[in-house]
Amino acid sequence: MTRADSQTRSRAPGRQDWSTWPHYNAAAAGFRGYWYPVTWSSHVTGKPTGIRLCGDAIVLVRDRGTVHALHDRCPHRGVPLSLGRREFPGTLSCAYHGWTFDLADGDLVAAITDGPRSPICGKARVATYPVAERLGMVWVYVPIAGEDAPPIDEQLPEELVGTPFVMGGRIDDRTGNWRFACENGYDEGHAKYLHRTSLWRLFKAMPTWNVTRIEQRGRWIYRRQLEQYWEADFPGLGRWTNKRWWKLSPPAAKDGAASNIGNTGAAKKVDPVIAAQDFPGFASVSMPGVLRIAYPGFIHYEFYVPVDADHHRYVGVMVNFLEGAATARFYLKYLGWIRWLFHGQFSGQDAWMVDVTDAPPEKLYRPDVSLTAWRGLAEKDYTAKLAAVENPAAPKNKDA
Amino acid sequence: MTRADSQTRSRAPGRQDWSTWPHYNAAAAGFRGYWYPVTWSSHVTGKPTGIRLCGDAIVLVRDRGTVHALHDRCPHRGVPLSLGRREFPGTLSCAYHGWTFDLADGDLVAAITDGPRSPICGKARVATYPVAERLGMVWVYVPIAGEDAPPIDEQLPEELVGTPFVMGGRIDDRTGNWRFACENGYDEGHAKYLHRTSLWRLFKAMPTWNVTRIEQRGRWIYRRQLEQYWEADFPGLGRWTNKRWWKLSPPAAKDGAASNIGNTGAAKKVDPVIAAQDFPGFASVSMPGVLRIAYPGFIHYEFYVPVDADHHRYVGVMVNFLEGAATARFYLKYLGWIRWLFHGQFSGQDAWMVDVTDAPPEKLYRPDVSLTAWRGLAEKDYTAKLAAVENPAAPKNKDA
Amino acid sequence: MTRADSQTRSRAPGRQDWSTWPHYNAAAAGFRGYWYPVTWSSHVTGKPTGIRLCGDAIVLVRDRGTVHALHDRCPHRGVPLSLGRREFPGTLSCAYHGWTFDLADGDLVAAITDGPRSPICGKARVATYPVAERLGMVWVYVPIAGEDAPPIDEQLPEELVGTPFVMGGRIDDRTGNWRFACENGYDEGHAKYLHRTSLWRLFKAMPTWNVTRIEQRGRWIYRRQLEQYWEADFPGLGRWTNKRWWKLSPPAAKDGAASNIGNTGAAKKVDPVIAAQDFPGFASVSMPGVLRIAYPGFIHYEFYVPVDADHHRYVGVMVNFLEGAATARFYLKYLGWIRWLFHGQFSGQDAWMVDVTDAPPEKLYRPDVSLTAWRGLAEKDYTAKLAAVENPAAPKNKDA
């Protein structure tokens, strides 16, 4: 998508609904057919725990080291299996009548209260979900129609596969639709206004407005700032700027003048792993709602995990590509302030807006090119995925 | 409407629904096309505040002395404008992306995060509402279809326009439909039974039952008590009265006998302003739900402000037509006991009933002539208003 | 119904809904046409109290010793009569306008605020419900279509009519549909698994699984345990038993072997009244949701009283057929531990499951013969009742 294209689209008069993106419009409870991080690995033990993901009730339980995920509903009388316990290794028994399911395939292998030769055995089952553990978290695949899950490494951000790193993160249950959270994360426009009061930016000015281009590489779209304006005079109203005397001046910025920054200047301090990715922009997003912000020296990720139409789970992760003793410095930095200022107060401002956003109807403006590009990406990616599920033999259309 | 008429109507067997008054029946969220008091003037400052009125979300903000009211929803992404702030004089900016609206006409005059030449400017707006300040309160006009507001003084009780007075009041958010609140306020029947235990009436007896006539003058209908009975013998059940040895005896009342009081006896102490109005009755009501109780020496008003179908705002005001040093005595009296006994406990008994009233279906009795007359007034008044909005050139039919 | 029949039915593949039992399926808010215990007699005084039963709002009030039940809604304006008071003997007056209803027939006998000759009198009424007092509780009959109530003694468990006894009991408001509560109570399967951890069973083992036959006698169906198995080896999983070294061994049970117990062994200690009933089984159930568990020496009853589709009232009663000084021992036992362990913690486990049960869809297994037999009983009993109400002259079909 060229810049001209996207600007034409965002200026289209009267766009009020999401009918341009029918799958996206229908995905209130999330897109099925993707892996989602749902909780910290350390939180999943031998005692079952129930979660909700894309509207599905799911029970997680760890058995001899391996995490299993099953539909959290006993087919007998609808009681949640997360209230049960493991009576035998490799199984989970319903708290009510002791219906016992194989954790690996969900088959009913025993109905304790009907004895060893119960005729119901082998005639009932619960759905299971593919599970993986990455980044210290449990990931669950939500199938579209019972299809096999693709390898999770194909979906993880490429730089997180096979590279050593350290990380810190925060998982919060939040109110509001996951799409508002994702759109907020990738949104080019709001940061400079909403977050102007954040402690995270207390000593660092933000521009007033930008000229932005969206570029796609593989399954990611990147937001490239072509021009940044640190001050602006609004006719008949007055001057507006984020700059304060106590805030760090922007690099090479002259008042009211444009500075072409791309990410070349800021990329100086980027470590080798990141540089190797050759990111064309600071912020990028991919399906099913993964935000990547490449700061100099570390990368911040946000995963917007759909719980149901009105709730999502915010998973924020800060990653540093370090090894050995240097990792101690990262943990100090993360626990000392990143966790509280960035994953806390800064991200809390986003949560506030996501909670009160109410669209469609909506009326888009020029910086919403980032939103419409993301919706277009989601629409195309999911359409291809649907085709692949319906016709597994056909070659995948992976590129845009 | 004559007394015979109204009694025939109220005796109509089997009246169960409100189909006789179709506009009234449809006005669950209030009648549009009227001014409503919404909050104390002192509560509206430079910091925006959100209210709900007739189901509309409205943001109020004071700018250089003047109160403005706008639809409380940014057209961009649906975020309430009441979360925003005034970045420039005469404007309100949305907290999310800095969309900035002119307070006077609602036009989008700047989108801060898209720079001074943002193409969206002039292409979006939010609805504004006419605002006035009277009686120390902010009043908002809710239009039917974007029409101009009539002068508020045409709607205010006549005696409050151009006359000096002092007042005290109370604003409470209450549960229940505004029509139940208004009907309760004007209801002839309940006071003598429901309020028999109120502290406000601790030393003053109330009659057991009355004969009442409803008379219309201009846009008000008045409740005239033709006969009052202080005791009654119910066949087969027993005697019932509100009289107690410690309560003040009614003027010139003989046990079980009727006393024609009109308001001539009680009007002796009425001050000149009130007397000049020549009220034909103690209690009167007008659209859009304004109750006026003319006590000797002061007038009590209740405004039943529709919030949504299930909530209303009770605005109770006590007015005394005094000037100079005498006003101190009023404030002493109001803050000393009127506020707590009348606007508090007495009115709280009404709030209790309004909350549990559940009609239609209903079955009306003779004293409900006050209810049906009020509904008839509302129906006629609003019908005329609708006609005037649809055909502004036609002369107004103001009289009944 | 024979055992073969019921097992065939419960093994029917794919039974997922309740369409086999249409009346039962429709009875979410309870079956009308039966007596229900609603509260302790001592809780109904001269001050009206509102309850909900089968979805109906009902006001209970005691007048000169007799309890009356009326529809809890004044026909005038829909205000609950339970907010009112008795102004005259034998009547209840609405709190709002003093509409006064005869407690015996619900007729409007006075409208206080309209005087003694109010034309509304005799033109309005509220529905009344038949009331009885038994077992220290108030019972209310909920009619299908205004029909007369049958004598309550025809519906009470036979052994409670005309026999001296002592009792203790507990009434709890609980979440969940009354049918889940009743099915849980009569359910053959869950007790041995769900209640394995109950304190009530701390020193007494329960079998692992049973072979059960359902037998009908009159209006009750009985659950007869033909075989009991105290241990079981589940192929590929392991052994499972409720037996512990500190628990009382089952009578005449050999490990892994079946013991035919019927109720002959346990019946040794049964007192003469119970023995005379010649119960063919330990647990029995009858309409409209009455569970009877015949322990040696006493009987436990549970009444699952429908409040609305999502709530029920649990009425648990323990009865001992004693007279004279021996009753002291029962009260000591009941208040000392039965109340806390059985009517408290044990029954609380049931309440937990009833709250989370979510069916249909469901998938039944062999022990659910008790559920399907109960549903069949309910369907047949209610069908006969409906026919009797529609054609009162026809002879009742009381037997199965």
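Going in written order, the chains are labelled A, B and C, and every chain counts its residues from 1.
The definition used in the following text is that a contact is a pair of C-beta atoms (placed from the backbone, for glycine too) under 8 Å apart; a residue touches a chain by one contact, two chains touch by 3 or more.
This one's a predicted model, so the numbers in the text were calculated from it and none came from an experiment.
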Equivalent interface positions on chain B and chain C, same or different at half: different
C-alpha-based rotation, chain A on chain B, 0 to 180 degrees, nearest 5: 120
Whole-Å gap separating chain B and chain C, where each centre is the average of the chain's CA atoms: 51
Shared interface positions of chain C, touching two or more other chains: none
Contact footprint of chain C on chain A as seen in their complex: 73, 75-80, 83, 87-88, 91, 93, 95-100, 109-116, 118-120, 123-124
Residues of chain A defined as touching chain B within the complex: 11, 13, 189-190, 192-194, 208-209, 229, 232-238, 240, 353, 356-359, 361-367
